[in-house]
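Pasting the structures in now, so scroll down.
The two complexes that follow have subunit A in common; it is paired with subunit B in the first and with subunit C in the second.
This part shows the complex of A and B:
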């Protein structure tokens, strides 16, 4: 005998102080913020409340990007190309879509963010990344 | 920690699906095999440590529902869930329990029944703000990291395919292994379906139903039973940053695994891993990962992993056979997979690994790897510490 069924998992997660500022800047100003550690100068982007290197609490937000370099990429058949993009001024990378012809996506490519027309304070307020200079 | 040893092991025959048994019934198979192997009964067990990834079966608190399969009722029971390291971390917890004197004889049992849940959903329940909202799951995560690793270390799809073939050929000597593909070729791997470039289907581990158990005893109890045991000489575990974009946790850096290995090697007096170890059972969820682990575990310098696989150094007749069992690439019930590493390493030291035995193995390595964020390294020897 096999019992079949489906579970729904609703959620409502708090974005926190740093996360909320990051998301509001995306939605209202089309600016990408990084969190700069006052102890060791590491900049995380997306902005995080604790330094990825020295664990210090971080409160200093600075603007990074919107251009950067592709440090890793993969193509998932049927789903598109995804990359890790290190934005100018940041030490960590952001996961996002690489938009446009597949064959142009190489490691080291210079890219820039394209923002969504309708923004809802989520990471998808960035629609994806295109080769720098190809923005609409 | 006082001396402890593995005095018994047991495994199910791992498979794509075991619809004939419930989760506790599956566990009972492995536990009974381990107790028989140790020459003990359930009454001799003082405490139970379990390992399982509960989101993979869509069932909360698995230890609550399945511990009866491990004779846990009335005993101390807890569960560890750290992705792929769950099983090795549970073993380490068992070592600490018996080594601290808190308990004398501890049963460690891990299981997963992937056929009963939706693993991709479980894997997708990662950071909701940055990663999950764009893409998630094990495949894309690996593929991104591998694209960096290939470029910086000169590794090709053919190098990785050799690892995939080695694992499945080794598995043909292991009656417990899930995938039985003795005739697999490099071409088969390269022609298998592309999951997330450059990862082909046969570069990845399967999802298996299975359970594995070990019995850990204090040094005094292990000595009284007789001379044969797999003695724990070192155990180290490390946590790392969880975000996909943290560049210092990728395959090229493997910070957590390198740190855990350095600690364990110092504890056990390992100075030249390729020579000092007779056999290794390492947690390689993808073919490329095994190559990265060769470097992180100091079998070779960075960039030399491709030479090890090209030259057959890690094949059954090489200098250091890696994963005679067929590894995670052939069998992956996630919560059990780390326990399987320790059980297989122990069997090798006891000289009871059957057709997959490495002759005269005296020093063994077992590792665990969980979601980029955890690494475990364990050193076992046939000699007492």
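This part shows the complex of A and C:
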């Protein structure tokens, strides 16, 4: 016999100091921030409080993008097309939605961020990335 | 620390093991499933409950829909009133933990047990909740998405290829400092965890596996991996991962991969790596000097890797 059950619990996740600055910049300024490491100069995007490469604490935020290059792309059935995008000024890639059919996406394609009209200080304040020049 | 990693590790014998048949849905409860694997492993290793000094279990709460998922198996692995350590990663990571316990002299004989039931929930949807809650979960990104990005870099595909058929199963292995003649021994182990955020690492390689294998080779004294192994037992869940495995381990084109049948026809989450260790030990037992490589992986697109080198005595 199999007993059916459901787990549904509200949860609160702290975005942290750097994460909060990143998300508020998306909401209020439509700007994307990277975290610049003072030790090795790596710019990690999305910004986190540590360097993604040398793991030093990072406090210095700089604007990156909103344009960049597609590093990789994939279609997840039922969920859409996702890509890794290395934004101009960043050394690491952001994972986000690519808007449009998967076939049009080539690695190295120039893309730019499109921001959502209603923004709530979340990663979905970026609606996705489109081929540069295709912005509405 | 560098000096310690160069030391040859004390040999640890794979005394025996057992696994349940992987089926799409095992209608037994987790304890019933695990009990079959544990009883089989003790029998295969010819040890009694009282010979087991400690237990290391591998399970993931998210996949079991239960926090502290080891509570489901504490009794059936014989861990009541004994030291139990739970590893929330692939069973191979649990085996390596047990090897360290034995090599350190903490325990003589350790039972390693892994279980996973993919039938309990839509597995890939579940992995969404194993992603970063600030930057990834709200996008709906799951392990399939990250594997798809990796497949795009390796195979130029638009989406990830056919995944290994996931089902329900359990595996148990008995490891010991006492080495019977003819036993397979673990002579080297390596373990590595890469960055979680997929854009922080180079998804076009399994560099974590390269580091893990390098550590295992150093301990086991493997100098030329292309000719060192009679068999390699990889944990590859997708077709594109086989190339990543061969490249990262440098085992070359001539080392047979999973001659007894790999994971593609059926495996269970968390259990895979431990079944590879058992398959590797069985492949070389009775052929003194022969070596095999066993591999476990976990997390999005192989974020975690664990390697054991097994050698026949």
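By our rule, the second predicted complex is superposed on the first by the 132 of 136 C-alpha atoms of A that agree within 3 Å, B and C clash if a C-alpha of one lies under 4 Å from a C-alpha of the other, contacts with A are read in each partner's own complex, and residues count from 1 in each chain.
One rule holds for everything that comes next: a contact is a pair of C-beta atoms (placed from the backbone, for glycine too) under 8 Å apart; a residue touches a chain by one contact, two chains touch by 3 or more.
As the structure is a computational prediction, the values presented were derived from the model and not from experiment.
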item	value
Contacts of A:110 with subunit B and subunit C, given as first, second, both or neither	neither
Which superposed partner A:15 touches (first subunit B, second subunit C, both, neither)	both
First, second, both or neither for A:2, with subunit B first and subunit C second	both
First (subunit B), second (subunit C), both or neither touched by A:79	both
Partner chain(s) touched by A:122 [first = subunit B, second = subunit C, both, neither]	both
On subunit A, the residue positions that both subunit B and subunit C contact, one per complex	2, 7, 11, 13, 15, 19, 23, 45-46, 48, 52, 71-77, 79, 82-84, 86, 92-97, 107, 122-124
Sites on subunit A touched by subunit C in the complex	2, 5, 7, 11, 13, 15-16, 19, 23, 44-46, 48, 52-53, 71-77, 79-80, 82-84, 86, 92-97, 102-103, 107, 122-124
Subunit A contact footprint on subunit C (complex, rising order)	27, 65, 133-136, 138-142, 144-146, 148-153, 157-160, 195, 197-200, 203
Sites on subunit B touched by subunit A in the complex	19, 58, 125, 128-131, 133-135, 139-140, 143-148, 151, 194-199, 241, 243-248, 250
Parts of subunit A lying in touch with subunit B, wherever the complex brings them together	2, 7, 9, 11, 13, 15, 19, 23, 45-46, 48, 52, 71-77, 79, 82-84, 86, 91-97, 107, 122-124
